[in-house]
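The data blocks that follow each hold one structure.
Both of the next two complexes hold chain A, though its partner changes from chain B to chain C.
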Partner chain A sequence: MFLVDVILSGLILGGIYALVAMGLSLQYGVARIMNLAYGEFTIAGSFAAYLLFSASGLSPILALAVAMPLSFALNWFIYRLLMTPLVRRAKSPGALEVDSILATFGLLFVVQGIMLVVFGGSYVSYSYLAVPVDIIGSTVALNRLLAAGIAVAIALGLTLFLMRTRIGTAVRAVSVNPAAAPLVGIDTTTYAAFAFALGGALVAGSGVLVSMFLTFNAAMGVVFTMKALIVVIMGGVGNIFGALVAGLILGLAEALTAAFLDSGLTLAVNFALFLGILLVKPTGLFGKAAR
Partner chain B sequence: MIARNWTLKDWAFPLVVLGGAALLAPLPAVAGSYWMALLVNILMYSVLATAWALFSGPTHYVSLATAAFFGLGAYTMAFLGEKLPLPLVYPAAALIGAVVATVVGLSTLRLSGVYFVIFTFGLAELVRQLVTWGEAKFGGTVGRFVFIDVNQQGIFWMLLGLLALVLLVGYAIQRSRLGWALRAIGEDETVARHSGIDTTVSKVAVFVVSATFMTVVGAVMAPRWTYIDPSIAFNPIISFQVLIMALLGGAARLYGPILGVVPLAILFEILQANFPNSFSILLGLTFLVIVYFVPNGVVGLIDQGRDKIARAVGRRPHPAE
Partner chain C sequence: MTTRLTPSRRAVVGGIAATTLAAPYVRAQAGAVKIGFSISKTGPNAGGANVTTLPNYQLWLKETNDAGGLKLPGGQRRMVEFVEYDDRSQSEEAVRNIERLVNQDKVDLLFPPWGTAMNLAVAPSFNRGGFPHLASTFFVERQPELVQRWNNMFLFLDRPSTAITALTDLLATLKDKGLGNTVALASVQDQFGLELVSAARAGIAKAGFQVVMDRQYPPGTQDLAPIISEAVRLKPDMFLAFSYPPDTLALTEQARIGGLNPKVFYTAVGTAFPLYKQRFGANAEGVMGIGGVDVTNPKIRDYIARHNRIVGREPDRWASTTTYSTLEVLSQAIERVGLDKAAIIKDIGANSFETILGTIKFDKNQRVDQWWVGQWQQGEFVALAPTKVGGTKAPVFPKPAWPTA
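On to the complex of A and B.
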């Protein structure tokens, strides 16, 4: 059952991509910060899990409980310290986008540089739950399955939080119209910082999950940034459900390419998807008509 | 394309460029090999940053694709350097750069602001993966040796010529209808379209010119390495440094980027020599400082200073200045 293998691994990969992208969707959709350093924080999460696992034998599931709040706090500070001056300075949303791209581009090199100094450039991995599991006749590693499962659970929890709670509604209000949100008593700046920090917690979480089954190194962040950007844009900016669907599509497309074409061409297929969707539907699959 | 006859004042800029090039040309005779390396570095980034600003300055489309075209040029040299006579390789690189830039431009310049940035951000990575894949599949190896006999002086003179050329071409574009069209696009693309500017053609035309220069620089620089592989030729740090330098100088003026290249190339040289391990951190921090404290570049500071002096003297600057 070769095809089942491919589709299953594609869906698992897609679930992870969706989680990686959701944080960026929050950061860009609500806080309006296009964060090019995003993938570096994924890798930072991976390294945190690796450190905790190899130093104290802490399981990656528990590492989630450490990494996510830490990253939340860290990203809150980044927003307050680095992004708020840019938000104040920006004359238009377009100017903020360009400024934030430039600033986070600098941040990318700082974070990457720190990781290179601390961990060096070599590839790192650890073995956790590397046991085969049998699903409808095809074999999957348990750690992959678990990671994808947790990713989907976090995604559903986030969707419920955004849809059902008061805070979530306020976050969505800022995303829809940052100018009108203060009129109904929403403190835009605080919620933007909150959304940015929440995005940071998610990105660290996804990094921990990715580290369970992937070999990674300090220079790999850019790849995750690209994938997250593609998924966010495909799914429609600020649309969490769209990110889930787009992530699954991307994962499937990659698995199919690797299986039937050539694994060296997966990125090319990513880009073809990205461009194709932007040219046909510039606001993404589930994007609003105009922003 | 030129609207009126050129007066003496219009000739000033081209004359200064040619005079400057003539003054710098004998430098290899006096400079030692360390200084030559630094000078070649400065010239390389001057051409790249000026070419970058040619397109990104007036349109405000931030392109992170410099490394993609630079690497393309380097690989053209690696592939064709031993198969074609050397004087033909550079035009070949220019042609390849122009063709790729046209395809990329036509497919991406319809994207608005941030999507364009993202696509160009990934373009270098995409080309790199395609080259790696192609090399592994058809060439059998990933890296390549470049044994081409071009010495440091040759590279210096070629880069100097390219710098003069890119400045003159930039000047010609700035003064043509195309230059006005680009500035209009930078101010407001919708308005530009409504006043009859074919925005796609204008953007693609200048994007191609800018990318062609970057590709040729890659081809000129390739012999300096003797060994290249995709991660050297398509190094994203190249795009990044070009962007910082152009920003520090100020992309609003033709000569702006050079003002940023000279201090930063020297600074990076010092940093790389003394702190090779934390180079990337320092690079990022330099970049952040520039984004936060010198957002309009050195050119912006000069303009501010001039305004202040003009106000102190009591002369109001002409609105066109």
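On to the complex of A and C.
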């Protein structure tokens, strides 16, 4: 079942891309912090899962329950301590973007440095749920399938949360127009901090999940930042559902390229697709009209 | 003009290094031998540098100073101190670091960085300063031309074509034992993968095998399900991948999950890592890879034990052992001729050295006779080929099917 193989592996890969990107979508889209240290937090999540798994045999799925709240709290503090002063003094969204890029660029080295000191620079890898699962005649790894499934669940759950709840509506209001949101009684800073922290919880969660099958080291964060950035911009900044769709498109494109063209061209095709979509829709697939 | 009030990163690093080295430094103050190096502590190369290069430099430093210092002619000993900089995996930075080590820090000797590209980048600086350049993680086809230009350079790894010849010669001997003739190739798309795979295509054709699949993937790819699924459909007799550590692990994992069970399964860099055994356990049995050591050699066993004790983990069985052997060669040359750089270069080129890898000697600055194919056999990564080097074992063939989890 050649085609099933290709499509399934593409969808799973796409789900993983979406998983890695969703936190950034919230941090960049709602809190307007272009977090360059994003990938470092992914890796930190991976290390947390690895530590818990190798030291106490705790399943990475249960590690989610530790890593995500912890990262939520940590990212809340980062926003309140480091980002709020930047938000206060920023005269325009553009200025905040530049300031946050510079600040998080520094944060990247701090987080990476801590991980290098604690864990060294060597590769880390462990095996969890690396068992074959048969789906319509095609074999996939359970851990990857699980990660992709969780990505879909998170995307749908978060979309519902943002669309249907009061808090979600407030978060969207901050995302759409941070200047006008206070006029209807929304505390912009608190909601932005909430969105940034929620993004932080998601990034740690994605780090925990990908550590089940990816080999990583302390210096690898930038790879995740880049992937997440592409997915987020292609899907439309701040749109979780857009991140899911963009991730799936990229994953499918990669699998189809590998199967029918050349596996060496996967990156080239992905970037061509990214550029093509931006040419047609400059704010991404599900992006808001240009502000 | 504003005055910089903040200390530079170098000053901070230097300060920390000075504090930690304070004790031996005081003792050796009179004339510590300064050895400088630039290494990738951060960036994409950090993974490789931290497994194979840096731990061995640290191991050597500790052992040398614990023994009272570096031995010089006439039995005199001098303590050694390191001056080290991070090149952030950028070759321009590595070159700047080397220039700084030579001109500003005035080091007595230089150790090489990690990786082919980095070694190539700093080679002109080593040459200009007349420093011996003992490269252990350097691997290109055009080595004979390079050593003609840079006669201070000693290459501890032979060429990709030699590595491939060892592999295809070994595979050819398995023909009588029921190895078929179909080969699936996968390779990482960078200089390392490209050189190996192009040598492999020629070698495979010469051995009379047939390539049924020839796939490449961009560096850093860890999603290799499409490549493995294609191989599963084609059922090749041999699966040969010229891969880097993360993709080596990903290919193996995927092959196990997809049920790809060729008679020969070969992955390149990373197969010899202790991480591979830790990740795959009994599943590693029969997997072939680049490198390998003679595990019956007491010197190797002793080296592994020391590495374990001092660094806190096991060394890999290819580049780590090679890197350590460069330091043994250098120390032995210094013991004979002292710290005169030109004399060291002359001595290394002319003599043979007893190391953990056995006797090392050079032919036109290139090390001859080394193991190229290894295999996991009962928890050890043993050398298989070329057999003329000695210390090799017979291959486990055919590779046992992956045990079902």
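For the reader, a short list of remarks on this structure follows.
As a working rule, the second predicted complex is superposed on the first by the 277 of 291 C-alpha atoms of A that agree within 3 Å, B and C clash if a C-alpha of one lies under 4 Å from a C-alpha of the other, contacts with A are read in each partner's own complex, and residues count from 1 in each chain.
Rule of thumb we're sticking to: contacts are C-beta pairs under 8 Å (C-beta built on N, C-alpha and C of every residue); 3 or more make two chains touch, one makes a residue touch a chain.
These numbers were taken from a predicted model, which means no experiment stands behind them.
Annotation for the three-chain superposition on chain A: chain B and chain C clash.
By the touch criterion stated above, A:98 is placed in contact with chain B alone, chain C being left untouched.
Once the two complexes are overlaid on the shared chain, A:214 sits against chain C while remaining clear of chain B.
Contacts of A:108 after superposition: chain B is touched, whereas chain C is not reached. When the two structures are aligned on the shared chain, A:267 is found in touch with chain B and with chain C. When both complexes are overlaid on chain A, the residue A:275 reaches chain B alone and has no touch with chain C. Within the superposed three-chain model, A:175 lies out of touch with both chain B and chain C [touch as defined at top].
After overlaying the two complexes on the shared chain, residue contacts for A:132 are found with chain C alone; chain B is out of touch. Shared-chain residue A:75: touches no atom of chain B or chain C. When the shared chain is aligned, chain B and chain C each come close enough to touch A:116. Within the superposed arrangement, the part of chain B that overlaps chain C, taken from 132-140, 186-194 or 240-248, is 132-140.
Overlap of the chain B and chain C interfaces on chain A: residues 112, 116, 223, 262, 264, 267. Looking at the complex, you find that chain A touches chain C at residues 2, 5-6, 9, 12-13, 16, 112, 116, 120-127, 130-132, 138-141, 144, 213-220, 223, 254-255, 258-259, 262-264, 266-267. Against chain A, the residues of chain B that register as touching in their complex are 60, 62, 64, 107-108, 110-115, 117-119, 121-122, 125-126, 129-130, 132-133, 136-137, 236, 240, 243, 247, 277-288, 291-292, 295. For chain C in complex with chain A, the residues that touch the partner chain are 41-44, 46-47, 49-51, 54, 89, 189, 215-218, 220-223, 225-227, 229-230, 233, 245-246, 249-250, 253-254, 256-259, 270, 273, 275, 278-280, 313, 405. Contacts from chain A toward chain B in the complex involve residues 34, 36, 82, 85, 89, 94, 97-99, 101-103, 105-114, 116-117, 222-223, 226, 229, 233, 262, 264-265, 267-268, 271, 274-275, 278-279, 282.
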